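One chain, subunit A, links the two complexes that follow: it is found with subunit B in the first and with subunit C in the second.
Coming up: the complex of A and B.
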């Protein structure tokens, strides 16, 4: 270990540590744009200036390795002046269009200006003109005038996604980011470039113009897009969830997440959700029922059934705690071991792209398997099919997936399940396919909560158990699987209801209208860009 | 009467010196034979002892640079920097066109000294004739057994290739050159690691100027002690200077270091054109701070004297400026050049060169503000020493020296809206109209 002093604080660091690493690991503030802990060193923004005792010139912290006894500071007037000028060079050709820029509120230029700048610009010349609204690919839009050419996005596509779509073209102050001829920024990790862009140059087509970031709350959770279990944060407010961004976890996802995982907020929002309980019997639907009431009624039915007539289907989409509750209920209370594992995409279940994406699109398959194992459940899927065909299974309870987008077999499975005389479907997602059911069997629909709305644990593909906390509530009447388990075993629980005005989409606007307006805005900007 | 010292350029007047026969007739390739019998380390020691300093601009000790190579068997490269792009410099071109074998021989000796089996000559793309001459000479050298396998029975193998630049000034910077040679965009690399440790293809690489490598032959021929007799104590040897500007006899002149600039201008160069008075001299290529007439008449052409005078020897390009020139216009020429040539990697240089260019041109078009003069200095100060390579400094230094030494001309231009010397302003409204 090497001893050094940074801003008066004595530190011990491993040999080979750079000054900026030591500073960021010890929560010391240092301005920087091009350096990113997950990428190679570029050393081009020249903002991370530090003064090293014995060296007359300020040095960049990102490419300076600490040596024994080094005394470093970045708080002297000399450093502050250097950073102020470094910032000014970044800003002279910057359009300063913060009022219409999506990055405003989380922009590196704004942050550093408040820290080091706060001066009036002396730039009286005409600014450099560059391309606006460049369509880089299906997910990302570029504004070259805002770009500070830190090259983070280029290094990301070279070093992390290894897709090499991006480059810097031309030189000097004509230089611009762009895609190589014939290529589009189109890879499964493309939106990470938006995260690491320190300014408003790269914006996400999905998120841009939807919300001002200062109107969003942030909450950390675990992505339920696949069995990798990337650590993420969701951004939301009363209108709903708006985006998902990665949170650093060296053991799981490093600094990154995939584009697919970023879409997971969409099935949490109210427009995709089952809001109320409903029942189908005697060829007619009763809708807008209280979810608890439907669950309690289910309990009455199940109590009349023989153990071998009862079946339970589970997906890998719920928490370990919920599996424990519902499996105990069925094994101990209803004395049945007819518990089945619904695998959504059999062929790609065990695939892995080498970076983050796994073919198992369930966050907690490991957790489910462990619970089933614990209770000695060995039922096979064919047992369920046979049981339904031979009418041996008369009461089928299914805890459906939260993310129905990754369940291509949903329709065929629903057809299978509705062969049961009593099909009790617990689902967080709206089920339009079931609404048109016209058979003779009985169906009950009970809304479930999603991962955003509950505490719990997921066990990822590597066997790592990750606990997460509830972020917020979207559908107050929905039940967790634990609550549902209690109700359908006849226990009484108190379901605390959130008042309607505290709910998400409590506005007069329908969510799909909100979407449409944004799309229009985008189109306008695109047209202007082309002109 | 001061005279040239024709040491490297002794036979440059002979057209036959270009071909291998003429070259050998005048002592060519004798030193290669001699060197191949020496221990490589002995050559490095001799070069170190000669006090030879890099002739490309930085003036770093050549022997010391070679000494930075790792002491192992890793393959390494020798790269000859012939991307002569510094405005005012044209000495390497003459050397390559008149005496290609001198360079080739110097390179083989140097390669032998540093255990390199492969070398490249990175030639400026516009130098068609140099490329053709060198290519022919390399073929001759292969035929004669000076290149290829087992050179002169010594067991030493060496291959040499030419790489043609594509017209970027920044590729003359050694790490920019390495990037370009690797097929990447010509952008300097972060240091450390230095090329001697991790250069071309991440292998140890030595980059030396044409003139530096040619000198190695003479250090072997005459020994370090003899070479040190030329020049001053710290600036040993002779150097080629490219003399240009408002001078009667422009051209390349070889003189020992420490030669008086005054003698270069008035005696070798034949004085100022049309009997006008000297106003200023840029002594070491466009990146070197300018000297006014008084300073020019006192200074000697060696690394130390020029540093003391606040400028530098650089590549040895002496640009003579007489009283008929407007300094605002001269500076605008330079700021345009650096704006055009900045690679755009580091922010202070990318944005600063453009800013300086826009301000000088705004003054030139009569639209300058008085605070612009101070602003030019502030911008330049904050571009110095803040970037990966020296281009930013090269752009800033002329601005600082022009503005401080000829401030009255800048103030006059801002105040009156026209040149103090020429009495007019530029009609163009922006620098874009003026240059494109």
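Coming up: the complex of A and C.
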């Protein structure tokens, strides 16, 4: 271990650590654009300047490894001046189009300008015009004028996705990012280039102009796009969810996530959701029913049934806690072991592309299998098909998938399920295929909550259990599978209200502060008569 | 603040105060009768008061030289609006130099408090508060002004031109 001092703080670091690594690991602020912890060092932005004792000039922190006894400082006026003029050079050709730039609000240039810059430009020359709105591929749009040529995106395609689509072309003022001739930026990780772009040069086609970023809140969760279980944050406001971005987790996804996972917000938004419960009996639909009421009614039906007439189908898209609740309900309350695992794409189930994407498009297959093992359930899918054909299974409860895009067999499976005399479908997605059903059997539709709207645990393909918290509520009437399990067994749901004192942490309270409850209640009464 | 007045002897003799009041009334009556030019009231619907040019009335969306809307849908006005009465939907413009433009710009005029913060926030002089304020409507009238009303309503005579224009900006090298 090497000893060094950064900004007056004595640190011990491993040999080979660069200054910028040591600083970011010890949460010290340093301006930088081209350095990214997940990529190689380029040293092109010249912004991470630090003063090292004994060296006459400032040096870049990203490409300087720490030596024994180094004394480093990046808060001196000398460093600030260097960063300021470095920034001035970055901004020579940068257009002033923050109002129409999607990055505004989370832009590196804006941040550093407010921190170090705040000067009037001293350039007399006109700004260099470059290409705007360049279509790089199916997911990304490039604005060359905004680009500061930090080369992060180029290094990403070279080092992480290894697809080598991007490069820097021309020299000097005319240098531009672009794709090599005849190539498109079209790989399964292309949108990571948008995340790592410190300015608004690369923007996502999907998110472009949808919202200003300052209207969005963010919340951490686990992606439910596939069994890798990448750590992500979702950005949402009262209108719904707008985008998904990766969160660093060294054990699971590193800094990245795939493009497919970024679509996982789409089935959460209201347009794709089942909003109310509905029932089909005597060849007519009753719509706009309360989901709890529908679930309670199914409980009355199920109680009349014999154990072997009841079946339950589960997908790998729900949380461990929910599986536990619903499997206990069926095994212990209804005394049935007819519980089946609906596998969506059997052929590609075990494939893995070597980086993040897995063929198993369910976030919690492992969790489901563990729960089924725990209760000793061995029933096979063919048992269900036979049972439905021979009318042995009359009551079928199905907890459908949230992400219906990855269930290509949805239509055929729904046809199979609706052979049951009483088909109870718990689903978060709207099912237009079922709405046109015109058979003799009874169908109940109960809306479920999605992974954004509940707390829970997913166990990913590596067997790592990851807990996540509720981000927001999109469909307030939807039930979680735990609630549905309680209602289906005829119990009531306990609604526990968290008192406001537990919800908020008072940060402005002194430990010795005296509480005056009655006084807080009616400040006006207490202040009346005073001037 | 409530102020309690003490009862005093001088207060109970109110007759003199009545006379003072009558004197003021008579003074105004007589000046209005004999000097109508000095009369400060207006015969409202026929006569209208002219406000100063800085008056903040109904909003106007300005247009460029070619008559298209100047707004770039940056949403700074909507962000700055204390009444949250502005709703904008942005979209991709076919012209790469324009890039972003509003496909819908709505102001809920009943929520608006006419503070003028939108005008101040606008970086491109796209929204202004105009002189008109007499825009009543019956129950059920459309008080949510849409983009066409804001930019091209008939009394704007084809739109108000903004001082800033994209072409001029690009020529100046901005």
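Simple rule for what comes next: the second predicted complex is superposed on the first by the 493 of 531 C-alpha atoms of A that agree within 3 Å, B and C clash if a C-alpha of one lies under 4 Å from a C-alpha of the other, contacts with A are read in each partner's own complex, and residues count from 1 in each chain.
As a convention for this text, contacts are C-beta pairs under 8 Å (C-beta built on N, C-alpha and C of every residue); 3 or more make two chains touch, one makes a residue touch a chain.
Keep in mind that this is a model prediction, so the values were computed, not measured.
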item	value
Partners on subunit A (subunit B, subunit C) - clash or fit	fit
Partner chain(s) touched by A:132 [first = subunit B, second = subunit C, both, neither]	second
First, second, both or neither for A:148, with subunit B first and subunit C second	first
Residues of subunit A touched, compared between subunit B and subunit C (which is higher)	B
Touched partner set for A:46, first subunit B, second subunit C, both or neither	first
Which of subunit B and subunit C A:124 touches, first, second, both or neither	first
Touched partner set for A:99, first subunit B, second subunit C, both or neither	second
Contacts of A:208 with subunit B and subunit C, given as first, second, both or neither	second
Which superposed partner A:168 touches (first subunit B, second subunit C, both, neither)	first
Touching partner for A:89 - first (subunit B), second (subunit C), both, neither	first
Touching partner for A:63 - first (subunit B), second (subunit C), both, neither	first
Least C-alpha distance (whole Å) that remains between subunit C and subunit B when both complexes are overlaid	13
Contacts on subunit A seen with subunit B and repeated with subunit C across the two complexes	126
Touch list for subunit A against partner subunit B, complex	41-47, 49, 57-58, 63, 81-82, 85-86, 89-90, 92-93, 122-126, 128, 148-149, 168, 170-175
Contacting residues of subunit A [partner subunit C, same complex]	95-100, 126-127, 129, 131-133, 208-210, 212, 214-215, 531
Subunit A partner contacts - residues on subunit B that touch it in the complex	168, 170, 185, 190, 192, 339-348, 350-355, 358-359, 362, 369, 371-372, 375, 378, 382, 385-388, 430
Residues of subunit C defined as touching subunit A within the complex	1, 72-76, 79, 90-92, 96-97, 99-100, 123-124, 170, 173-174
